[in-house]
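Here subunit A shows up in two complexes: once beside subunit B, once beside subunit C.
Here is the complex of A and B:
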């Protein structure tokens, strides 16, 4: 029913969003790209000469870069594994009949609403602290040596903290998907004598596959950019033991004030994120046609 | 049709689910409890759970020493401000795309989404420099601008998925009955759109409240919202668990409660309508 007139009006209504996002995207992105080819350090004022791919070469050959890539992959992979497997388990559990479903749900999803700096500091101090933390107390009761989590296993500890924040997200989405499953199908399977496991494996899991993919892709986008949790717990250390790509770029740019190298790192981070984004966009785009 | 479930199965499910849920919720509960302890009790060995002398001192101390209220208001102004501005920009766009879809609508939507995939660190340097040169560092207005822009794609998308569900038939029926465009919008469209707009508002405030990359990098003492303020507790002096807990409890309480009410919208908003 759209007329010529309403189309023109529609364009005007859409324009502000498009123009703003276009500017938001192109201007900083263009600047990052431009800076990445300059020798540009805020501590050394000069004429910022063009140096080609020097910054990229420097950034990529820095041992910290290799560590950061490995750490980024371990962080994303570890958290995905815990949250997706745990999320499936919790979704199956919460889908069962029980008393107090509402309260259980509220408790399970709560960590998602805790701001990253709070959850990181609470875990760091009140749980993982080797002297006063609850874990140290539990170790003591069990007759074990307290473990200094963030010094001895910084990356694993951060994986634990961030998994706690994201497990609710995976659970909530998988539970929502689970509840759209036709219960008659399950009843039929049950009447035919299918065991609980085969009902899970042959009916529930395939039904969830789409939602699982969505969870993996969306979480990956966010997890590639983990920052606050690292900043307040370990500052990327000890050494580079818990430095991810995001943190490394931050350190180059705002701690060492090396704009050129930081920008080159930023471009690399964009390329990595885009590889994931392409898959995610395809999935969402398909859904739009449906 | 509910399947027949024995009371025993239900009891076992309940026991397992409650145990796991309490374990997951425990860090939050522990933080809330600790906020009412004295610093000495907070690190008592063995830890005390409920039976201690409850005190509100920490809340008072946190306010006195660091002007907590200022940071709290920063969070409120920044998250609500960026959300409201985002809605004002996004409502017409989502409206037009839902009711007057053109050939390019889908492409525009997908492109907007792609801007959300940009890792923030990729534009950290230029944004920091722009902010420095324009005097926007450590200002509320600077953060409102950034948070409006990073969340705009989510707002447009969420609104679009809601608006698209408003049946066109109703609009046509109203037109047949002789409704003018004005009354069509006010009496027919708006009431149907309000729940969608409210959900979007809620979810976006939550996201903006907890945003911790730009708030940490672009603010200092002045405009720091709670995310950045709490980070200053990472290098503590002396006993501070109870004070950290009090500051944390106040920082998460409002958003936790809002979050409980927005479970459904959260799924839709964060999956861009891919899971409803």
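Here is the complex of A and C:
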């Protein structure tokens, strides 16, 4: 009886926060869905009639849409590849005993504490700027033509900037996972005649599989909605070369003041995110089972 | 073949000398146990032989060939770790195959050896399981399996039974002894448990603070401990060590007498029973107020009833008395 009582009491006590959180999520979602079916443009005030899937059709047939989808997937894929591979590499290096480990670790992790707009502006103005940037200076010293990163390779540049921000996160998670590896396992492998590469491939990498999965899942959630870095560097351009889905939704609703189409884009982004999530869980979710 | 010779082997961690220069020969096919209290350097010594630690001085030879600078895999030794160190993401079969795979052995040879090892160790039914699905004793056997498939010159065991419960420990002790009988390969076994040392070893090496205190067969150590440390370490319950006048009567600084060499009955010593421990097969009495400074432990065979406070007389067997001088060494 006691447990039944306490269970009921527990339910009643957590109910307010559950209701609050549910409302917090459901009201914006419901409003987005509602707006996505209305002709709702702030430049053309009117009675906002119900137009069915017109906004969706408009958003999907927009030539920028396809570019945005491709760019979104390239951004997520490229950054994941760089951060996971780089993170594993850095974790292996930082796991080695060396002088000044503490300071090096803090320095490796620090990019994660710089806010996205600031780091993107630093990269844009101090490194990638074709006139004043460090890379332009280096090219100049070497006698080469400075490369205008954000114009000539906008998407690759943004991938670079965002990878720089997320590499510390991947490194941190993978390093802690690496440190939890039983050293006797490595010694046993050494006795068994495994070379350094074999020890990495057969012992360390499988040990990291769960941490890698966590890194991929968490990063995907955040990378699908990259926005600040694009806004302060390329504004989605040139043309649509660096426009992703998030930026396209922003452009529709806040640059063209078309709330209806923007909402439709938002709903499509949610659906896309879920498709990606399903694929991810199918591919790597089994790593999370103990 | 597995004759291992240590010549002036020394190990320092920074300025701390863990193992002062030390000589030791382990004959082919011998079961040698390194025993000593924790922190005595026995595991370090094993790791030096394995090659997991580098020596600070001296030379290690395996079958006459210098092995000091060889990497662990090239020494032809196999090790069983305290934590078993199984690879958790691999099945039992893959775990056992791993050293063969690293050696680049053919598929048939790998399968033959693994199946043979699994049969020897009763693991055939578990080959497709993962270490996480096995009990402690089974994991231990997998770790041994991974060692024997390599057909090494010698096996190194680093406290392999310390994670098992008491009943399983006795069983595995027997299995390892049987394995040694069958394979007749050199085995070096590290433990802090003198019972394991006494029951399994051909030769026991007693270590303290990196020094070898005594080397000998279990019964040699039992009968003629070279010094006070060995006398107190080997044997359970521990030997009674008595200083003072009684020792002076025997022209020694300290005399030692094992609990099993004192009988309850008519004898020169008299005392009061304190705690008594009834094991069924034996009864241990802790006797005080004997006129000696120390509490005397006495072992009486079978079930003997004496209550706390009873006065009993004790008869030590004088020919089993050990005498030690002021330097702690045995007086012949």
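Just so it is clear, the second predicted complex is superposed on the first by the 264 of 290 C-alpha atoms of A that agree within 3 Å, B and C clash if a C-alpha of one lies under 4 Å from a C-alpha of the other, contacts with A are read in each partner's own complex, and residues count from 1 in each chain.
As a convention for this text, a residue touches a chain if its C-beta (ideal position, glycine included) is under 8 Å from a C-beta of that chain, and two chains touch if they have at least 3 such contacts.
Computed from a predicted structure; not experimentally measured.
Taken together through their common subunit A, the two structures put subunit B and subunit C side by side without a clash.
Legend: residue contacts after superposition of the two complexes on their common chain; A:182 is shown touching subunit C, with no touch to subunit B. When both complexes are overlaid on chain A, the residue A:191 reaches subunit C alone and has no touch with subunit B. Of the two partner chains placed by superposition, only subunit B is touched by A:231; subunit C is not.
Using the contact criterion defined above for the overlaid structures, shared-chain residue A:207 touches subunit C, although it does not reach subunit B. In the superposition on chain A, no contact is made by A:57 with either subunit B or subunit C.
In the overlay built on the shared chain, the residue A:9 is in contact with subunit B alone; subunit C does not reach it.
Touch criterion met: A:31 reaches subunit B, while subunit C stays clear of it. Subunit A is touched at more residues by one of its partners, and among subunit B and subunit C that partner is B. After the two structures are overlaid on chain A, the closest C-alpha atoms of subunit B and subunit C sit 5 Å apart.
Contacts of subunit A with subunit B, set against its contacts with subunit C after fitting on chain A, overlap at residues 184, 187, 190.
On the side of subunit B, the complex with subunit A involves touching residues 1-3, 5, 9-10, 13-14, 16-18, 20-22, 24-25, 27-28, 30-31, 34, 43, 45-47, 89-90, 92-93, 95-97, 99-102, 106, 108-110, 112-130, 149, 152-153, 156, 168, 172, 206, 209-210, 212-213, 216-217, 226-228, 230-231, 233-234, 236, 241, 244-245, 248, 251-252, 255-256, 258-260, 263-264, 266-267, 270-276. Subunit C meets subunit A in the complex at residues 50, 52, 71-73, 77-79, 81-83, 85-90, 98-99, 102-103, 146, 150.
Every residue of subunit A that touches subunit C in the complex is listed here, in rising order: 182, 184-185, 187-195, 198, 202-203, 206-207, 209.
Taken in their complex, subunit A has these residues touching subunit B: 1-2, 6-7, 9-11, 13-14, 16-18, 20-21, 24-25, 27-29, 31-32, 35, 90, 93-94, 96-100, 103-119, 121-127, 132, 134, 137, 141, 164, 167-169, 172-173, 176-177, 180, 183-184, 186-187, 190, 210-211, 214, 218, 221, 224-225, 227-228, 231-233, 245-246, 249-250, 253-254, 259, 262-263, 265-267, 269-270, 272-274, 276-277, 280-281, 283-285, 287-289.
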